[in-house]
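Two complexes follow with subunit A in common, the first pairing it with subunit B and the second with subunit C.
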Partner chain A sequence: MSESRGARAGVAIRGPIGAMGVAAALVTMAALILLAGVLLVEAREVLDWRFFLNPPSRVAAEGGVGPALAGSLWLTLIVAAIAVPLGVGTAVYLAEYAPPTRLVKAVESVLTNLAGVPSVVYGIAGLALFVRGLGLGPSILAGALTLTALTVPLVVVNCRKALQAVPDEFRWAAFGLGASRWQVVRDQVLPAAAPDIVAGCCAALLRAVGAAAPLLMLGAVSFTTFAPGSPHDPLTALPTQIFAWAARPQEGFLALAAGASVALLLLMAAMHLVLFANRRRRKGTLT
Partner chain B sequence: MTATALSRAARNPRSPGERFGKHVLFICAALSAVLGAAVIVVVALETFRFFGQVSPARFFGGLTWAPLAEEPGFGVLPLMAGTAQIAAGATFLALPVGLLTAVFLRYYAGGRTASILNAVVTLLAFVPAVVYGYFALNYVTPAIRSVWPGVEGFNGISACLVVGLMILPTIVLLSREALGAVPNSLLEEGVALGATRRRVLVRLVVPAAAIGIAGSVVMAAARAVGETMIVTLAAGNPTGPTWNPVEGVRTLTTFLAQASLGDIPTGSIEYGACFAVAAVLFLLTCGMHAAGGALMARGQRGKPGAVRS
Partner chain C sequence: MSAPGPALPVLSTERLTVRFDGKAVLKDVSLEIPFGQVVSIIGPAGSGKTTLLRSFNRMNELMPGAKTAGTVRFQGVDLYAADIDPAEVRRRIGMVFQKATLFPKSVFDNVAFGLRAKGVEGDLHDLVEEALTVVGLWSGGAEVLDARALDLTAGEQRRLSIARALALKPDCLLLDEPTAALDPAASAKVESIIHALRHECTIVLATSDHTQAGRLSDLTAYLDSGRLMEYGATQELFTNPRNERTESYLTGRLP
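Take a look at the complex of A and B:
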């Protein structure tokens, strides 16, 4: 970072641009506080331990996110188990091994572009590929595979950035000592890039856990009485549960939608802890 | 690892590690490529099948979109107009706030403030779209209606506002990156010449980063184009084409979300229409993403370090 402290230090926040900047920053912060406040206030009546276990119900007061939470946990685990190794492996291959052929360049640019494609497109593709093509039906597995297709390009793009940030001197020095390519990758490049790789994977997974549109396209259910016990059980997840409740005008469902949002954000926060633990470690080491 | 061990391993290119590296990583890359290709191919194939039933001229030239009507209309233009309306509105709202926040972060905020603001922006980036949608429908819309009673329950204004909030982090983080490419010396020289800080920022620094900032805006607009849940929840899905932001808006994405709520039989014309709409969405966002990326890369050319000798 070459941000000079000199350009900042000693200059108080003055002048119209400074004032407008403060105002813009306040708007940004207010938006987050408002969002969090509304969710917590609205959800306070429903949030108890039963809410996290109960299935959704016709009677708003008895409804819970049990099945949806279990579904989201299944999805997270399966997507993490497939997309992370696949994406990291792809990024390492592309950055460290791949010959600069036309095919490799094409694969790279396709994956980069796929990272910018809206999630709903993955939903419709997953409907044709997994739900109907492979005959998986609207199951947890079909949902997980669709989210994997969405997550892999993100993991690849994030990890490529992490690998590119490793200075070439690391590689040259190791090669100069006679290390093989795999030794360079394993002992030099991966350890140096590890914090950014973990952060990149975490960001991609958080995106997948919060995605509602693709699961909606696959035909996720929001009214199931039992928690999914295997990947072949009907697809249900927190984001689609929120969607189902958010659009119901009846009294009581608003609170349920807020409660489910809090549950989703808690799940994401738990995943985020991995990232923060990792950040703290990074501060102690290089850079 | 000692140097001897290193060189011993280097002499043996068939060691298990070497083979693992080459083959397993290659298989990963191949699988990723196949997965990505499968997504593209299935959308393309179903779109071509749809064009066998409905001519591309009718699809791109028609002015009504009503796949289920007795006299079905398959003109995608109304949907694209709705998408443009939401994306333009959201970008228009997010740009000033986002750019000013980025300028504030880069040139005004001190360590503590900057790190808090950074955390807030990052948190906003991680809020799931469906949560934003819930917020838009149940809080933003009633708030707008209490001020302006003529607004309908499902309306484009609420969608624009909240999609704008969703793309705000993209604009802030990417614009800050673009501003980071402007050498600090520019600011220092400007101030040394006697210009006020405001003048230097407005006349020198922001114009110098303009290409990169434009890139960040295009990237953010691409996200707005693809946004599904907020627009579906907040703007609903009226059947007719609407130009009035006070009423509901129908976009490429809301059509897909709404269609998924009914059961679409495989091979039906509506099933094909979903893929054709998805293909339009795909090409649109890919194009914008690529253009935004190219602009951002151009904006990074003057980065300090590249210039400094």
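Take a look at the complex of A and C:
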């Protein structure tokens, strides 16, 4: 497998299209390195371990992302706990069980459209529904529910693609051996689609973690002296913290915004690690 | 379902019509498959061989847009009646598909899958080894059980897919192009398995190689554009076809 890949890459580099591909890859990598470099240079004065634990401060030099980091962790956990089972379950129903009726097709197209709706729109809906309607106020819970609403359609769309990528022959082979639909799904389809399902869920969660706009709409706080300890504490998160600091005119806060961006990237990198581990496992067991 | 009497046909269709999205792929097919016989279905590509085979164990209904009219009986019982469990039908009437489509698991897990789905409990090794013995994949060494199914050669994969169906001890076995894309040696092995199996169960095979039908089957049915053109003793049909289309097909003169 690796041998044929290497051969293919060798062929690809020779042609003009291959050269363009290599150039595009280099530009992308350079942009990524540049971005990380700029952030690290900007944040060089604030980045130390206290920065990740301290609360924000009126004095720029003493500020930290402790509460915002804790808020983002809360949001990620709650969103994952609700959106993954709900989204995967819906995708399994739509891909494996639902008859191709007009209603089901309508639901599928609504979900696909919802997955493309700008996140700020979810913010307005969340403000009306969760903050005011349910009286949750601008809390972690209201933020998590709003981000869940944004994430579920993405999880459904990604996981449905993963399930549809499993060839029908697999299902027929299992049905042909007298398996029930649930046995076919549980024993053959889900294991075969698992790597893509995990990847699809991670991609959706990454979008939720990075979303600032809907949380700003809900009224996320950017100045809190304590880290949220329960879902009912005031809503604070890394992306909104970055936005708040970057908007301040005083000297020193831009460095804090850069530092918070580094913290956000580290959080996302940690989630990417899950993807990597998952990909290695796939190489180990399949094909 | 009671034990089959020798006089009763195991499988029979009556005016069987199968449509996919409104287009009829099988038209008014009526035939009887007697107990303990090997029956071949031959015909040009697209003549409905696979669809006829799949209608015997209710596989067509898994395809979107499929509609079945007419009746299919197994030992006299209407297979498409409301109270019939299709999973039970597929256990009694096993099927080997044109593509082996093994599960990306061990040889043991592939053969055991149907048994587990049926709810057979306890140690499955005896049943798995028995099925592997019939297809010549069992030589007494346990290492073959743990081998990954996808590491086997094409011929071995085909034989494993037959073993997988045999593990359930079906009354009937449906084989769709059992030797397609196999080299002559591997084909010969599969054919000898089919030949040996005729004492165990009734066999219906679809093949686009009519010489194979001649070698293996007691009865042969010729399908053309979804219609059953001719059905009878293999030797009679090959040496003295009554239908003009059958003769053209067998002699390679079909336009």
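As a working rule, the second predicted complex is superposed on the first by the 259 of 287 C-alpha atoms of A that agree within 3 Å, B and C clash if a C-alpha of one lies under 4 Å from a C-alpha of the other, contacts with A are read in each partner's own complex, and residues count from 1 in each chain.
In this section, contacts are C-beta pairs under 8 Å (C-beta built on N, C-alpha and C of every residue); 3 or more make two chains touch, one makes a residue touch a chain.
No experiment lies behind these values; they were computed from the predicted model shown.
Novice: Just to be sure I read the superposition right, which of the two partners does A:A192 touch: subunit B = first, subunit C = second, or both, or neither?
Specialist: A:A192 contacts subunit C only, not subunit B.
Novice: Going by the contact rule set out at the top, does A:E169 touch subunit B (first), subunit C (second), both, or neither?
Specialist: Second partner only, subunit C.
Novice: Who does A:L177 touch here: subunit B (first), subunit C (second), both, or neither?
Specialist: So A:L177 meets both subunit B and subunit C here.
Novice: Tell me which partner A:P228 touches in the superposition: subunit B (first), subunit C (second), both or neither.
Specialist: neither
Novice: Which holds for A:G71: it touches subunit B only (first), subunit C only (second), both, or neither?
Specialist: In the superposed model, A:G71 contacts neither subunit B nor subunit C.
Novice: In the superposed arrangement, which partner chain does A:P100 touch: subunit B (first), subunit C (second), both, or neither?
Specialist: The answer is second: A:P100 touches subunit C but not subunit B.
Novice: In the superposed arrangement, does subunit B or subunit C reach more residues of subunit A?
Specialist: After superposition, B is the partner touching more of subunit A.
Novice: Where on subunit A do subunit B and subunit C both make contact?
Specialist: Subunit A residues touching both partners: 177-180, 183, 187.
Novice: Spell out the residues on subunit A that touch subunit C in their complex, using ranges where they run on.
Specialist: Within the complex, subunit A touches subunit C at residues 100, 167, 169-180, 183, 187-188, 192, 285-287.
Novice: Quick check on the complex: what are the subunit B residues that touch subunit A?
Specialist: 1, 3, 6-7, 9-10, 13, 15, 17-18, 20-22, 24-29, 31-33, 35-40, 42-43, 46, 96-101, 103-110, 113, 117, 120-121, 123-124, 126-135, 137-139, 165, 168, 172, 180, 184, 187-188, 196-198, 201-202, 219, 222-223, 225-229, 233, 253, 256-257, 260-261, 263, 266, 274-275, 278, 281-282, 285-286, 288-290, 293, 304-305
Novice: Which bits of subunit A are touching subunit B when the two form their complex?
Specialist: Against subunit B, the touching part of subunit A is residues 2-4, 6-9, 11, 13-18, 20-25, 27-29, 31-32, 35, 38-39, 85-90, 92-94, 97-98, 107, 110-125, 127-129, 132-133, 148-149, 152-153, 156, 177-183, 185-187, 203, 206, 209-213, 216-219, 239-240, 242-243, 246-247, 254, 257-258, 261, 264-265, 268, 272.
Novice: Looking at the complex, which residues from subunit C come into contact with subunit A?
Specialist: 57, 59, 62, 64, 87-88, 90-91, 94-95, 97, 99, 101-104, 113-114, 117-118, 150, 161, 164-165, 168
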